[in-house]
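First the structure, then my questions, so here it is.
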Amino acid sequence: MTEGTGRLAAFCDGVYAIAITLLVLEIRVPPPDVVASVGLWRALGARWSSYGAFALSFAVIGIMWANHHNIFRYIGRSDHIFIILNLGLLLFTAFLPFPTALVATYLPDPAARTPAVVLYGANLFMTAVFYNAVWHYAARGRRLLKPDADQRHVDFVTREYFFGPILYGAATLLAFVSVWVSLGIHALLAGLYVLPNKSRP
Amino acid sequence: MTEGTGRLAAFCDGVYAIAITLLVLEIRVPPPDVVASVGLWRALGARWSSYGAFALSFAVIGIMWANHHNIFRYIGRSDHIFIILNLGLLLFTAFLPFPTALVATYLPDPAARTPAVVLYGANLFMTAVFYNAVWHYAARGRRLLKPDADQRHVDFVTREYFFGPILYGAATLLAFVSVWVSLGIHALLAGLYVLPNKSRP
Amino acid sequence: MTEGTGRLAAFCDGVYAIAITLLVLEIRVPPPDVVASVGLWRALGARWSSYGAFALSFAVIGIMWANHHNIFRYIGRSDHIFIILNLGLLLFTAFLPFPTALVATYLPDPAARTPAVVLYGANLFMTAVFYNAVWHYAARGRRLLKPDADQRHVDFVTREYFFGPILYGAATLLAFVSVWVSLGIHALLAGLYVLPNKSRP
Amino acid sequence: MTEGTGRLAAFCDGVYAIAITLLVLEIRVPPPDVVASVGLWRALGARWSSYGAFALSFAVIGIMWANHHNIFRYIGRSDHIFIILNLGLLLFTAFLPFPTALVATYLPDPAARTPAVVLYGANLFMTAVFYNAVWHYAARGRRLLKPDADQRHVDFVTREYFFGPILYGAATLLAFVSVWVSLGIHALLAGLYVLPNKSRP
């Protein structure tokens, strides 16, 4: 049985809004003993990786939400499998604060930064995989699309999403070589999205 | 006095979305001293029970939400008692992160894992009991149902929910024998829901 | 300028849903050293005040939400002062997890339980005061009421709310005599609400 | 491609509601050893900066939400850049609990209070900058405004917002001279908003 997407979209919006707002809980106030010895400015400066991880994950979840918002404009119905696939997508969205905290904590540590950035990338890779699954399930044969969804726009989204898992997968593997290159790609991918894109419908 | 269900459904959706997203806060970043001695990969591996508890509870709350979403399609009105019963249901939903954290922390500890898994199961049992209460109150004599709710679908949901407390109750009691069997049943019940079900309306 | 209440109601619902779901974060997993010495069952039993405080505050916030939901059925418009008064109401709602945590932590401690329960009651008292302010502002001269709001229902709500600050104020002061009597009144007031009330419109 | 603002507004409301409700998590229960030596009343009194920071940030986020709510009444469409600008606004809204926690922790410490209050002000300054960006983008040439948005109201909002970054910027710089003057201005700006304003449309 198919049905409208209103309540599913609202539930997903809720999870995105909560995950993006919870990120700040991972930025810890410097403890009094550190502040007493080096001062608050320097103690705050030492937390650079927390701010960077917060900003990157905020951008990533914000873009995920905008993407979700975008594809749901074309989707008019929902069914059991579509809900399950969306829950899979939300699982990896809701999990992101954990690898974000790993990166925030262990990016300054040369011995521990590789696992942190690999897991961060793997989480984004899984998200991209589930975006494709959600979209393909809805768009294949126009299964759940609105009757008036423009097929050229649908094909554009399909092509655009196709590159997501490849790019995130490559960035994840590159973290074994250099965490900075890997994070740079993640930031670049977020930045590219922010740029206006004439061809984006 | 009866009324529409829009704001009640939105409130319940909010609690489900928050509870499911808060689960990640229970996965702790490994502390620096552990990471320094065994490395981050191994320190992360030692947290296997956190990931498992997160994934299981995410699936359980996601399914609860989907179920709630599902039965509200048949319900057209709300009243005082129906709101109270829904608050009871939400209480046990909002409580679930606590037994989840207990399982995450104490599943590796043979001396403490039984109480953790028993409480986890007891929480799910209470949720299943309240699902039945919410549904029976609404469906008895079609008290709060939409006029066009198909009685065969209503009866299907009634039958399906009937088994919930029995299965969760049995899984809870089995935890005294083996926590692995108990958790296996919980995972199986979640997995069964994920499978498409031809007979589900 | 007046306007509809849809987005205000949704924002308030969000705060209620988040506050009620955050309560569980105050229930801490017993630490491993305690569990190692007395076992998990006993360590969990020692947390009785956490479960009680959780259940009471869950009921209180749930009832607050139901009340807010109830009075907004009569209110058709919003204005600047009405929004400010609602923000005041939300402030004390969002603050409740803190005195809840105080009661959870210090109710077992005879030397510290009085301040904890007094503050808990004072928080509820302020909530009741703001409920009256919100309602009076909307209902005075039917300022923001829907044209079809039944005046007898409006007068019923006005009378019912009038007793809130008196009862919560009395319960708060009684905490100086006995915290158990004070908490008993809070539980009783919540329980009374749960009962169906024939005269409630 | 432009579209409606409903889902964007709902997402923003979610972030505001969560950020405002998370603030309470920064108010810590006094630890047992402090309570044992000075009693709970005094231990709670020593947390004055936590309550002040909570109240100020609650008022600030509440006013931000009311402002956002207010300007979205004039805005009828959304596009890619508008969504990005709103995400920028939300980033600084969602970040506010961190400088709030800094002020709560370090306002009593003469050696550390200046950085805490400077960062708090800088956060509010960035929020005011993004409010202007969001509004100017929508209102410039009536790009995204509803056809019936009264141009005098639009111009009023433009003038009112113009002063935001100046006032918050000045308050931030004044924190280097006196944190009390800086926080006083923040409280005053919040208080001014609360007052009814005859000229506000």
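Each chain carries a letter (A, B, C and D) given by its place in the written order, and its residues are counted from 1.
The rule is short, and it goes like this: contacts are C-beta pairs under 8 Å (C-beta built on N, C-alpha and C of every residue); 3 or more make two chains touch, one makes a residue touch a chain.
Computed from a prediction, not measured in an experiment: that's the story for all the values here.
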Classification of the chain C:chain D interface as same or different, half of numbers criterion: different
Approximate Å spacing (C-alpha centroids) for the pair chain C, chain D: 25
For chain A paired with chain C, centre-to-centre distance based on mean C-alpha positions, whole Å: 36
Touching two or more other chains - residue numbers and ranges from chain D: 10, 14, 18, 22, 25
Touch-based graph of the chains, sorted into line, ring, star, complete or other: ring
Touching pairs among all chains present in the structure: A-B, A-D, B-C, C-D
Chain A residues within the chain B interface of the complex: 1, 3, 7-8, 10-11, 14-15, 18-19, 22, 25, 80-81, 83-84, 87, 90-91, 94-95, 97-98, 101-102, 105-106, 109, 111-112, 114-116, 119
In the complex with chain C, residue positions of chain D that touch it: 9-10, 13-14, 16-18, 20-25, 27, 29, 32, 35-36, 39-41, 44, 54-55, 58-59, 62, 65-66, 69, 72-73, 194, 196-197, 200-201
